[in-house]
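Quick heads-up: structures coming right below.
Look at the two complexes coming up: chain A is in both, with chain B in one and chain C in the other.
Moving on to the complex of A and B:
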């Protein structure tokens, strides 16, 4: 499995396959919903053969932004997870681990406690929180001048995330209005987001993409070991910082509009490595179709299981992600880093 | 013999003295006889006129205040740190002994209560802890039924020995709803009265049960409250309704409950969602933001009057 896609041609095939699967899921997400607009009517609307106003609204105003949000969130979370796993050289690292999710969660809780509403939240708040959380972790990891140890980073991340979550819980206990507002935000969802919100996160994603392209070669070298990378003329500290900023941009933007969506940042890079091998330069590309594939697929499920209501997406990704992860871990040797 | 008659004289003296004192004491409120109440955890005996009352339920605080008794301690309203806004004037000096989710038992003990009025949801464990302090009255009414609040109020009134004044307050509420229903029926046609009570989230709506305290008052005041068949009988509200199915709550009126004071802001936020703003009820400008503390958390005669104030201003606008 690990070597299946390790040739360039094999990777191309895998990538195309994932792309086609993604296209199918995207189409399905426009056709399937919790409402009365069935697949045939939705298809007719898409092809311009239906004048049903209700169906047009459902497809273009509800399902389309939702699909685009899923594309953006899935790609961002998948890539962020792959980056964090590469930079910490820990296959279990995910955005939740480096204080990123906890930081943006706390920032959002504070913003709501100060009177902002979950409905009209600004993206920069969650991004600043994500960045602050991440930088705190980095600072804590290097307090004694030995900042180059990835294990130290993971431990500091776990400790800091715990602290930030505790502060969030404290805030929610003290202020029940905030608790009530944030309850549905905290499980994560991509429903009911407007086109404006989708476009609002694009600049952050573009900036993160530029940062990633700048350090991707150094990051691949880092996989050979800290000393080797230094020997090859790379600067691990700088690479790590750049990656952390990119991850904060990606996760902060996604979290601000969709809430924390669990497990995507863990499962997607895992699958990508299983298909493409452990070279970050290949796995990262494969995360681009696999992330949205997972998010949109889970979102479609969330619409149909409890009609006419919907399950929160974050609940579903956690419920699906955990058994999948266990199955993968039991079935294969772990694709290591 | 001698001693016996002396005892008899002595005790009859005491009896007379007691009778006179009791007569003076209870002249204002006729009976404070020992009484037995049917509660969720069996029969509870209460004697005399309770003076140190602690209420662990918003409906109990409301009932006590209606009866003119100010409790020593009470719980904070949902989503707040003090009592609900509509009771602020009457209960500003009442100590807060926790929230509905988390009681501060030490604070309850510190009030040295002689009567505790609790919520129907009080757990057995907490009941046993509290009943060591004072008689604990847990209403036996389970589930969500529109008239539960009346039975709860009557039960609390019996414990407080103020049955007459609570009965009067309940009748006042019933009389007012009948008047409102008349005026509703004269102003709005039969096919123009359907109403939903809804909480709004960006990803959908929660529909409140038509069996709640407030939705019951809405029905009594002439609205036809519906829940779109979305609410399971055991629960106060529906699951998160998909935005694709919002038309199911598109009636003639929508009451939008918010937990913050800026109801208008919540309405504006909801309007940003195209799925919400295209609803008929929104286009007709018939969405009424209401205080969630009062509309989805409170109960009792005073709450009823406050809710009816809101309903009246809607009917007569």
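Moving on to the complex of A and C:
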């Protein structure tokens, strides 16, 4: 089996195709909405041919930050999923399924309950929570019998997520003010976010990118087994730790501003591997356009399926992602990583 | 040990090596050297510590005491990348991601020589092509590993180690899961590589293959080396009884002349 994406040129074509699709979806996300501003008016506003103040507000203050948020969240979650899957060697390792998002959610809920609401504080808190979640996942994945069986790891993750969500719910019961703020946030959405929130997560994403570039070669070699990686001069423990920190930075930042958006980290790397082959270096590049493509695409869907109201993005991605999860599990043989 | 007096040139040796898993000592105070440009086979019964020794030599297993010396320096104190430029390793439990092709695998062998300032070069490309040729895999370069026979796959892994261009090559039971024909393919490839001056150290389960394809045997029992030297010199019925607890008659292979075991029975 040699798929088209496994050659350098083939990957370039796939990458460009995904990039073009992403550009189209981005444009569509500025044009399509649940409100009064129709596509024609939005387009006229974008081209500077309309002086409609309301349309201007909708396009530049509502839809543009939302699209940018989708770009950031999609790239971050797609890459984080691919990284987590590479480091646990498990195609089902997804931040949402394994409790990384839930860990970050609980951390944010605690912070809100303690009276915090500053965006920047929330990001670092969410990242700490995500890091704790990641380390638990890593410990579980290294446990004999769990790591070698993808489904067991997901079960362990589900139990862990359940526990964290229960703790979060407990907080909701304790404090009514917190409950309203958290409940809204817990659904996962990129709507109603400000430009400030988008820029607030960029430093984390840049730092994560640097960390990833530092270990990407080693991470690719880890796919050949731990001993082979050592033989090639890599340091597996250091690589895993670096990757986990990068995942925590990405998932934590995204969760802090957009809430937990499930299944992006499963669906996107799954598609990226199908298109680019299993080398993590190629799959990661492809996650960059595919992640935002999925998130923004799902976000557009969330605006139109129940017009004039909107479906929360987190609900929609779960509805799209769950069948993919079932499909992966039901496949004759789980793809090994 | 017949080699005690002459000290052969050996870039890799152990000095008072002590390897243990938790409380269980596997190897104690081992002083051993692996002659340069020769094929050394480590043989012995199950659980004698031969794979542990190889793991120690490959810096996969940190010693409790003593040291593995590479060019006179403790291998655990050398930067791991620097070791990877001198020692290549083929572990027993190899695994490759689904769909990975032969040439993709072999390219990994160049990693120890690459870095931020030195990315993929023409030299790397030539070396990968050379490794493909040595392993007779040119026709299969674009095939995925999981579509190939066990012998072809193992040759691809050895080609990766060859692409690493190291003076030393460590192999842990390179033929353990292969049938006779594929075993031969792999051993012949290893011999070809040894002809170019590479020092090969391998753990081999099958004594007859070890005798045929190695220049130097290290016979281990219960964590100790009980004999070391050329196969035809050290293999005796007594040694085999000591190693495996069996009686046998030694014959010379009518074709290769190397020792083969006949009439094996329990002692």
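Assorted remarks:
Everything below uses one rule, namely that the second predicted complex is superposed on the first by the 274 of 337 C-alpha atoms of A that agree within 3 Å, B and C clash if a C-alpha of one lies under 4 Å from a C-alpha of the other, contacts with A are read in each partner's own complex, and residues count from 1 in each chain.
Keep this in mind: a contact is a pair of C-beta atoms (placed from the backbone, for glycine too) under 8 Å apart; a residue touches a chain by one contact, two chains touch by 3 or more.
Note that the structure is predicted; figures quoted are calculated from it, not measured.
Contacts of A:234 after superposition on the shared chain: chain C is touched, whereas chain B is not.
Once the two complexes are overlaid on the shared chain, A:299 sits clear of chain B and of chain C alike. By the touch criterion stated above, A:225 is placed in contact with chain C alone, chain B being left untouched. Judged by the touch definition given at the top, the superposed model places A:189 against chain B, while chain C stays out of reach. When the two complexes are overlaid on their common chain A, residue A:310 makes contact with chain B while staying clear of chain C. After superposition on the shared chain, chain A has more residues touched by B, the comparison being chain B against chain C.
In the superposed model, A:94 makes contact with neither chain B nor chain C. In the superposition on chain A, contact of A:34 is made with chain B only, not with chain C.
Interface residues of chain B, counted against chain A in their complex, comprise 78-80, 99, 200-204, 230, 238-245, 247-248, 259-260, 265-266, 269-270, 272-275, 278. Chain C contributes residues 58-60, 80-85, 87-91, 93-101, 104-105, 108-109, 111-112, 114, 142-144, 147, 161, 164, 170 to its touches with chain A in the complex. Contact residues of chain A toward chain B in the complex are 33-37, 54, 57-58, 61-62, 117-120, 176-177, 179-181, 184, 189, 191-194, 303, 306-310, 312.
Across the complex, chain C is touched by residues 1-3, 6, 217, 220-221, 223-225, 227-228, 230-235, 277-279, 335-337 of chain A.
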